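Got a structure for you, questions after.
Per-chain residue numbering starts at 1, and chain names A, B and C are given in the order in which the chains are listed.
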Amino acid sequence: MMPFAHLALLMKLLCQVFFTLAVLSFLYRDNPIYRFAEHFFVGVAAGYWIVLQFHTVFLPKLWTPFVQKGLMGQGIAPEESRFQILLLAIPGALGLLMFAQFSRNTSWLARWPMATVIGSFSGLAIIGFAQGDLIPQIQANVLPILRPGSLTRLGAAPAFSTEQLWAFLDATSYPILTIGVICCLIYFFFSTEHRGATGAAAMVGVWFLMVSFGASYGRTVATRVSLFLERATFLLIEKTPVGGWQVRNAAVTAVVAAAMIVFLVWYFRIARREAPAETQ
Amino acid sequence: MRREIPLFLTFLFGTFFVSMNFLQGDRLREATGGFLPDQINDWMSIIISFTYVLGVGNVLRIHVKKVARRENGWGYSAATLAGLAAMMIYGLILWIPLGIAFDGQPASVEPGREWMTGMQTGSVFNWFYDAVYTPMQSTMYALLAFFISSAAFRAFRVRSFQAALLAVTALLLIVGGVPLGETVWSGFPELTSWVMEILQTAGKRAILIGAALGAISTGVKIILGVEKSYLGGRA
Amino acid sequence: MNGRVSGREGWIRRLEQVDRRVIFVLMGLAIILPLYTGWSLQQTPTKPVQDFHAALETLPPGTKIFIADDWDPGSKAELETAAVAVLTHCFRRGLRVIDATQWGTGAIIVNDTLERVARSMGKTYGEDYVYLGFKEGREVVMQAAAENLRGVYPRDYRGTPVAKLPILEGIGSLRDVALLVSVSAGYPGTKEWVQQVQRRFNVPMIAICNGVSEPEYQPYYNSGQLRGLVGGLANIAVYERLIGAEGFGTRAMVAQSSGHYMLAALILAGNLFFALSRRRTLLAVAIAVAGGGFFLWTIVRILAGP
């Protein structure tokens, strides 16, 4: 009989293949296998978050210090203050106040914890965006007209060669950055009507924005393709070690896919027979 | 008072985190006996973690109601509840008999009983994560490869000069941003690199600057209580 | 639409409105079939990738670095590959790795990846690497860790007090590490580390991210806030070759390229049918000539070989 650990590995592989194919079956059409997998996933994900918060925050940061050190006075280090530990009742209470929203009479109390979180993140955002984005990005765009050495490089490059092309692009880098950023910012400035010179600059700004959106689209495509590529590799190419064997994932995929196809053919034929008026 | 106290809390915590940029953490720690800033950081972690409990509570409420009333699709709701129960049993409940150590971690685990622990290597909880969560989440995102291809064929239409700019840049990065692009033309890596580093950075930088200005002004308005929409309707 | 549609217009419209499942099959085949070829493709490293590599390569052995593994199974394709490559590079260089994640859903997979790579390279937990795990709070945790790492993580993921871990000797905050490596799938990730930690605490930083995020982080590389940037599986494959540890990224490049070219063909085909159906002859000819010519040239170059 297969050792339990090996059985668990095999079951895990089966589940991984099943759930992967279940989600991919949605590409054909919405079906009960997909719906089951989706709903089961929601439950697993919700349970995961609860357990995660319990082990990483609730127990080590609230319950254990408050109960053991705060209430029972045990294991308090010399540099720790029992009073400060007892103050953990405040975030605990604020957290529990979130559940006040379920009653109409007490729902106003749920604003208190929300307010602390929103205030905290607003404060962090002010500092983060100011010193991380605003100032450094403006500083980085205060540039000379031409990159030092770029004109020399352009002059030295052989005519009509790719080297000349790169040298030209290099030479235009700084002007493009400067003009591009300024024109885009002019486009974002809606307090003035976009007419005349302002309108022309705003239009150039839109062109730069279109280029940046195109770049985002191009890179998004890359990510999406690689995501399916990994799943395809897992289903069809990889092998999973189980005990001393190397189980071909493709074989498991074939078996599970065949079972799914049989089920779906049966399901859609029965469903069509029992609900002939149902629109497809 | 129903609005004043939340507004005061927003001001208090917002100002605290802004001021932390200007104060030396070590000196503050020394002056307050470790209360500031470490305790406040922990308080935030604790309060935020309760929001997840709220979310799960909502999931429970919806699906339990569906199952209890045998509404349409109640079988799927039962699957949701089964998944939730499995994770919580193996992550929270089965772990208790191992003993709760006062440092918040399970007592040392006897060999062969790792399966009972939540989030430790070899646990059933981790098994569910590997068997269900990982393939589901990665495949959900993998579907996007197909939807983006369908959208590219059916909806990506070049109807104007601006759209053409977007399309040309996208196509350049799609065909030039992979190794096959270099096989087609050896200049693709350099060209795509220049487009990424210079041409598209101009637009992204402007967006960063604009977004930063917006975020700063919104943050100031929230902290000062000018922006109150997050409090919801009338008290 | 009045009257009968002519034959030519009919088939153009039919092609324009082809069942999306046909497109799914085309895309699927374009990605799956090359997996069986065993071919490989190389790409020249670009400057951001070279800078990323150099930032780790120039650190002396024994240097402690902090890796922020901010990803989860949803980005497994790119960022598990990236994490394996970065960890392999670090361990080969003899760097000591302090690892943590801001993504709750990634806590387990990040640990598994770290353990797998570390064990395969014979590294010792607590001496050569440590996993601090996940703490809720996002930007709050980031700036808190930059100020007081031990306050945020009094214990590691396994429950060991950090005071007992040799790797964390002399590390009180992120200012004490030589480099912050952000492996980022989105929010919270590289942007938040730059905003909350890099500038404020003057921590040298590099980033490796998924393709979607790369354009967003380019301004940070351009401004010098990031000393190196690797974005997307293609660049991750380039990085793998630079460190001599070819993994999934390298193996995937033929299929990745094929998928990209199929998508480019779909964009062009869609616009060609659109132009034909709207009788925009000039546009249709331009698309057909440019697109057809490009793909023909691609086939010529593939057949011609390197």
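Some points to look at:
The definition used in the following text is that contacts are C-beta pairs under 8 Å (C-beta built on N, C-alpha and C of every residue); 3 or more make two chains touch, one makes a residue touch a chain.
This structure is a prediction, so every number in the text was calculated from the model and none was measured.
With chains reduced to the mean position of their C-alpha atoms, the one farthest from chain A is C. Here the chain at the heart of the structure, going by C-alpha means, is A. Across the two interfaces under comparison, B-C and A-B, the one joined by more C-beta contacts turns out to be A-B. The distance from the centre of chain A to the centre of chain C, with each centre set as the mean of the Cα atoms, comes to 12 Å. For this pair, chain B with chain C, the centres built from the Cα atoms lie 17 Å apart. For the pair chain A and chain B, the distance between mean C-alpha positions equals 6 Å.
Residue positions 17, 20-21, 44-45, 48-49, 103-105, 119, 129-130, 133-135, 137-138, 140-142, 145-146, 148, 152, 167, 170-171, 174, 177-178, 186, 190, 196-198, 200-201, 204-205, 208 of chain B each touch two or more of the other chains. Annotation for chain C: residues touching 2 or more other chains are 24, 28, 31, 75-77, 105, 107, 135-136, 140, 143, 155, 200, 214-216, 219, 222, 232, 234, 256, 259-260, 263. Under the contact definition stated at the top, the residues of chain A that touch 2 or more other chains are 27, 45, 48-49, 52-53, 57, 60, 120, 124-125, 127, 129, 131, 133, 137, 140, 177, 212, 215-216, 219-222, 225, 227-231.
Interface of chain C with chain B (complex): residues 16-18, 20, 23-24, 26-28, 31, 41-44, 46-48, 72-77, 105, 107-109, 111-112, 115, 135-137, 140-141, 143-144, 147-148, 151-152, 155, 158-159, 161, 200, 214-216, 218-219, 221-222, 232, 234, 237, 253-254, 256-264, 266-271, 274, 283, 294, 297-298, 301-302, 306. Remark: chain C residues 21, 24, 28, 31-32, 35-36, 75-78, 104-105, 107, 133-136, 139-140, 143, 154-155, 191-192, 194-196, 198-200, 210-212, 214-216, 219, 222-225, 231-234, 248, 251-252, 255-256, 259-260, 263 touch chain A in the complex. Chain B contributes residues 17, 20-21, 25, 29, 37-38, 41, 44-45, 48-49, 103-106, 119-121, 126, 129-130, 133-135, 137-138, 140-142, 145-146, 148-150, 152-158, 167, 170-171, 174-175, 177-186, 189-190, 192-193, 196-198, 200-201, 204-205, 208 to its touches with chain C in the complex. Per the touch definition, chain A reaches chain C in the complex via residues 27-28, 45, 48-49, 52-53, 56-57, 60, 120-121, 124-125, 127-129, 131-133, 136-137, 139-140, 177, 212, 215-216, 219-223, 225-233, 236-237.
Chain A meets chain B in the complex at residues 8, 11-12, 15-17, 19-20, 23-24, 26-27, 35-55, 57-64, 68, 74-75, 79-81, 84, 87-88, 90-92, 94-96, 98-99, 108, 111-120, 122-127, 129-131, 133-134, 137-138, 140-141, 162, 165-166, 169-170, 173, 176-177, 179-181, 184-185, 187-188, 205-222, 224-225, 227-231, 234.
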